[in-house]
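Each structure below is given as structure tokens.
Shared between the two complexes below is subunit A, which has subunit B as its partner in the first and subunit C in the second.
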Partner chain A sequence: MTRLRALLGASTLLRHLVLTALAGFALYLLTLELDPFRNFQLATVAAYLCATAGLTVLTGLSGQLSLGHGALMAVGAYTVALCQNALAEHDVTGNGVLPLSLLAGVLVTMAAGAVIGLAAARLRGPYLAGVTLAVAVAVPAATVTFAELFNSEQGLGVYVEPPPPALGPYFPNERWQAWLALLGALLTMLLLANLTRGRFGRTLRAVRDDEVAARLSGIDVARAQVLAFVVSAAGAGLGGGLLAVLAQSVSPGAFSLTLSLFLLMAVVIGGLGSLAGAVWGALLLVALPDLAHELSSGLVASSPGAAQRLEGNLPLAVFGLTLIVVMIALPDGVQGLLRRLSGRARRRLPSR
Partner chain B sequence: MNRLMRRTLALATAAALLTAAAACSDDGQTPPAGAEVPGVTATEIVVGTHMPLTGPASAGYSEIAPASKAYFDYVNANGGVNGRKITYKVMDDGYNPANTQTVVRQLVLQDKVFAVLNGLGTPTHSGVLDFLKTNRVPDLFVASGSRNWNQPDKYPGTFGFNTDYTVEGKILATHVKTAFAGKKTCFFGQDDDFGRDSLVGVEAVLGAVAAKEKYVVTNQNVAPQLGALKAAGCEVVVLATVPGFTALSIGTAARIGFKPQWVVSNVGSDYQTLAKLLGDGKVLLEGAVGASNLPSPLDLDDPWTAMFKKIHDKYNGSAPFNGNTVYGMSVAYTFVQALQAVGKDLTREGLLAAVEKNGFTGPGYAPFRYSKTDHSGYAGYRLTKIEAATQLFFGPVYTTDDTPTTPVTEYPTPRPQPPAVTLS
Partner chain C sequence: MDRFVFLTFDGLSKGAVLAAFALALVLIWRAARIVNFAQGAMAVAAAYAAYSVTAATGSYWLGLLAALAGGLLLGALVERAVMRFVDHRSPLAEVIVALGLVLVVQAGLGMVYGNEFRAVATPFSRTALEVGGIPLLSRHDLFVFGAVLLVLLGLALLFTRTAIGLRMRAAAFAPEVSRLLGVDVGGMLTLGWALASAVGALAAMLVLPTELGLHPHAMDLVFVSAFTAAVVGGLDSPPGAVVGGLSVGLILSYVSGYLGSDVTPMAVLALLLVVLLVRPGGLFAATAARQA
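Moving on to the complex of A and B:
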């Protein structure tokens, strides 16, 4: 036992692997219990988590702001869509094809991230926000400009194989989708957690806290910033690709500027400092619109006209309000609050 | 830490046992529990839809679902269909295909609707066809004239409602050919299947148009396209546009001094909706030609309009009574007819069979084309013209099909009288 403990303490990778396996197991049990719609929501949370985790690394660790992560998700989503459809057209199907398409989605998004990152390394604050904002606007517009390839605002259908026959003819499709998305999210969390615990994470934090000091200690600041963008883009690409698979369709409307803003709000509300904050952010992205819908459908009974005007606009309002409240009451987000609560509880407990 | 490790191990073992137990239940091999029909009980039928209640396409369209709901309220107040009351769940998708994905899943998986009725929009509804098919949900009377809905082999549960856009394009173009012979005709349409299918129909009759332009709903600036049409010297412009963009196009054209003859697709030609959007500019609508199957909301002498108006006043009074209202009520009327045709033993298979059997009558001028091999909606249109701030029908009812060579022919059979309305 002590040797195992020493091993876990010494090896970050091993500790993270054990944690991931346990989390995966718990989530697997959860998918067995949930009904199809909740499983679909869980899958959506997992897909968003890939992106919010990436954004947490970028904004929380390296201190760079991105308003264009929704667009990076679009890059991943469209790549997956085009790959899946092209492969299906050439009769290359089966459940083994999807990982290849997702990998292609991640690689293409990383390339896009590198290009933005190169620009970002030369820009600061509002100028960086401006560039990434331009990306968020330009990518959906590209689908209209190159309508032949991307089919304009109608978007593309995505060929997706049904769950493997071995699972049985009545296996709920949504549970299969949840498994796929959770696998992607766990892998992302594992890799990012490992990366940020190590030398790369320390470098990023050094760059974030004081660029001059980092440069003096021999860190290539620009290189670190571009790398942060590339790593973060990989998460966004995987998240976007998974969303395309879940919806079996991609369209520019799914990756609008609003999504980019929502992603940023979500990681800020969740807690920028840690990857766990990204989990809360991803949960909020799915839960808040749902809550807003409940609110507005509650209004229907009393005033149908007002409900009709609110429906669709309400999620934005609820999100904005949540952001304001969180910023005032919990400056370091939901995760910060949890950390403080658990810290207080630990102090109160008699020491063993 | 030692204790923690031991606890972790114990937990993991317990979890492993749990999974083994769960795996034994093996829910992949047995059909989902219960043979009962989703959304149907002895006293209720739950139906859902997705509509743009907000966003760029909500102008006018947001009034359709409340009108359908009002008609169902009327039916429910009179005892429902075979003792079952209809509950109509309306979800807003903002005309954004990504939102449609989520709200339709919510309707099917969470609210467990019996059928999806009148889901609106070509780009939006295209994205959920596969999902609805996988879940075997009847997808009736889609509010769009895309030819996508008419694929009985691929999507056995999906049926259109509107006359398809290619048929409509052919009918509009035939009118252009005779009434505006020799004039330079151009085309302005939405950049998706709506615009494309319509253009196919127009060009099947007229040959290549002199100029064609397109728009996307997220870009409200159509000045460049209309400038190009003006520069091309267009005298007649066929519009395949949603109401907001019909108004926008006509308004923008007037601002740059471009006043062609407008010939507008059914979905974007309701006078009251356009007049409201254009405000003082509604005089620009004078002379515009449109197409419709459903009686004019302005013509209270029409027995169907009169019936719908009566129901509207009682159950939907705060909303305007316009083409969208008549459309929503007509959809609901047809759906109730289908439910009645199935009878007391209501199943999804029974519903699809009843629609394929057709035989529906109602407020429409042209007949429905539903059959085992055809899932498109109405077979044709009657033309309308806006004169002295009112929209009037003229000429006969025309029908045709998608094939470019099939001629446009007149349909002589008149509509039946509506049933008597008893308001409690």
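Moving on to the complex of A and C:
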């Protein structure tokens, strides 16, 4: 037992692998228990998690604010849609195709991230926020400009294989979707956890905390910042691609500026810079609209128009308020609060 | 040629509004070193106030007055109730809180008014007057130029000729020394926010009749364009904001006139990137303050 512990303590990769496998097994059991609707929600959480984990690495570790991650998700989603449809047209189908499309989505988004990152590495604070805001506004508009490729506001349908026949004829599609998305999310978390614990993470933290000191100790600051953007874009691309697969369609309305703001809220409320915080954020992104739906349908059942107005806007208002309060009162987010609480509890326990 | 002339005048009119909006950004940047990302949402809120007042009284001018008063109040409220409590050491915090405000304001407007476009009243016709057979300017454009010019002159007089303007400049330039000399630095900050927000509200009232209509998100693209204008001018300089606003307005007018209006957002992004990469200090910045 102690040897196992020493082994796990010594190797970060091994510890993360064990944790991922345990989490994967627990989630597998969970998907067997949940009904199809909850499985679909779980899949959505997993898709968002890819993006929030990427964003928290960028904003939390390297200190670069991005309001354009919704747009980067759109890049991934549209790439996956175009790949899937093009392959299906040429009768290339089967379950091996989807990972290829997702990979293409990730690669294209990484390229887009590199372009933004190159500009971002020269910008700070509000300037960077302004540029990424412009990206968030421009990308949905691009789908209208290049209408013959992206089919403007209507968007594209995405061809997605049904679950493999080996799983049986009555296998619920939502469970299959949950497996796909969870696999993507676990892979993202594993890779990001390793990356941020290692030299790359230390470099980013050094750049964030003191750029001049980082430069003096031999860190290429611009290179680190561009790399952070590329890594972060990979997460956003995978998340967007998975969302496209889940919804089996993509449209510019799904990747508006509001989505970008939501992603930022999610990582700030969850706790900037911590991957566990990204999990809280992704959960919140799915749970809060759901909660608002139940609340508003219970509140104003009398007038459907008012209920609709309330339902669409209540989550936004709650998110915005929470964001302001968290930023002022609790800058470490949920994860920071938990860490502080557990620290206090541990101190209260008698020492062994 | 006719088209070019028309687009030029249209661009100048659009640019005047962008200049006013950029000026609002510059005012807050000079006073508090914050880019107010909630400016667009706050201006839309003031425009909705005008919409309600105009609908209730039937008078455009009472509505405009309500928008200006609403802008003043909202600006003061945002500074007193929210921005004052934000940790100023981290540049991220202010931007994130402003974005939270955007969500709250837009969601609040959506809850009260609904998320559909509403027609905006304007007291002047928007059909262009013809000079020698060429359509040049509409009465609305003339109103825009007049209003923006009035604001520019008013602000210039306020900051250079009055005691309160001097105190505002001192409070922004050297807060500690000003406080020792008896200037109410916090009060000046609130006043700066209120003024900026009222200027933003006026800009929204001027630009909305030329857009699709009143909508919680109506100012999103205008904000990005005005931010670009402010950056072109260097964020720090009021004359820079005016020149930046006019040039961005002209460029966008040519782009949307010759290439189609849906290209505009991408043109704004390209313009912003080019300006920031080629001349990061802006055209009018006095110091290299970009490396915050």
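The rule is simple: the second predicted complex is superposed on the first by the 338 of 352 C-alpha atoms of A that agree within 3 Å, B and C clash if a C-alpha of one lies under 4 Å from a C-alpha of the other, contacts with A are read in each partner's own complex, and residues count from 1 in each chain.
In this section, contacts are C-beta pairs under 8 Å (C-beta built on N, C-alpha and C of every residue); 3 or more make two chains touch, one makes a residue touch a chain.
This one's a predicted model, so the numbers in the text were calculated from it and none came from an experiment.
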Please work out whether A:G24 is in contact with subunit B alone, subunit C alone, both, or neither, and reply first, second, both or neither. neither
For A:L264, decide between first (touching subunit B), second (touching subunit C), both and neither. second
Which holds for A:G273: it touches subunit B only (first), subunit C only (second), both, or neither? neither
Could you say whether A:V144 touches subunit B, subunit C, both of them, or neither, answering first, second, both or neither? both
Between subunit B (first) and subunit C (second), which, if any, makes contact with A:G201: first, second, both or neither? neither
Of the partners subunit B and subunit C, which touch A:G155 in the superposed model: first, second, both, neither? first
Indicate the residue numbers of subunit A shared between its subunit B interface and its subunit C interface, in ascending order. 144, 305, 309, 312-313
Provide the residue numbers of subunit A that touch subunit B in the complex, in ascending order. 1-2, 4-5, 22, 25-26, 28-29, 32, 35-37, 40, 44, 140, 144, 147, 151-155, 157, 162, 167-174, 247-249, 251-256, 289, 293, 304-305, 308-309, 311-313
Would you pull the subunit B residues touching subunit A in the complex into a rising list? 1-2, 5-6, 8, 12, 15, 18-19, 22, 26-32, 53-55, 62, 66, 91-92, 94, 96-99, 101-102, 105-106, 109-110, 122-123, 126-127, 130-131, 134, 191-193, 216-219, 318
In the complex, go through subunit A and note every residue touching subunit C. 59, 63, 65, 67, 119, 122-127, 129-131, 133-135, 137-138, 141-142, 144-145, 257-258, 261, 264-265, 268, 305, 309-310, 312-317, 319-324, 327-328, 331
Contact residues on subunit C for subunit A in the complex? 34-35, 37, 82, 85-87, 90-93, 95-97, 99-108, 110-111, 114-115, 217, 220-221, 224, 227-228, 231, 260, 262-266, 268-269, 272-273, 276-277, 280, 290-292
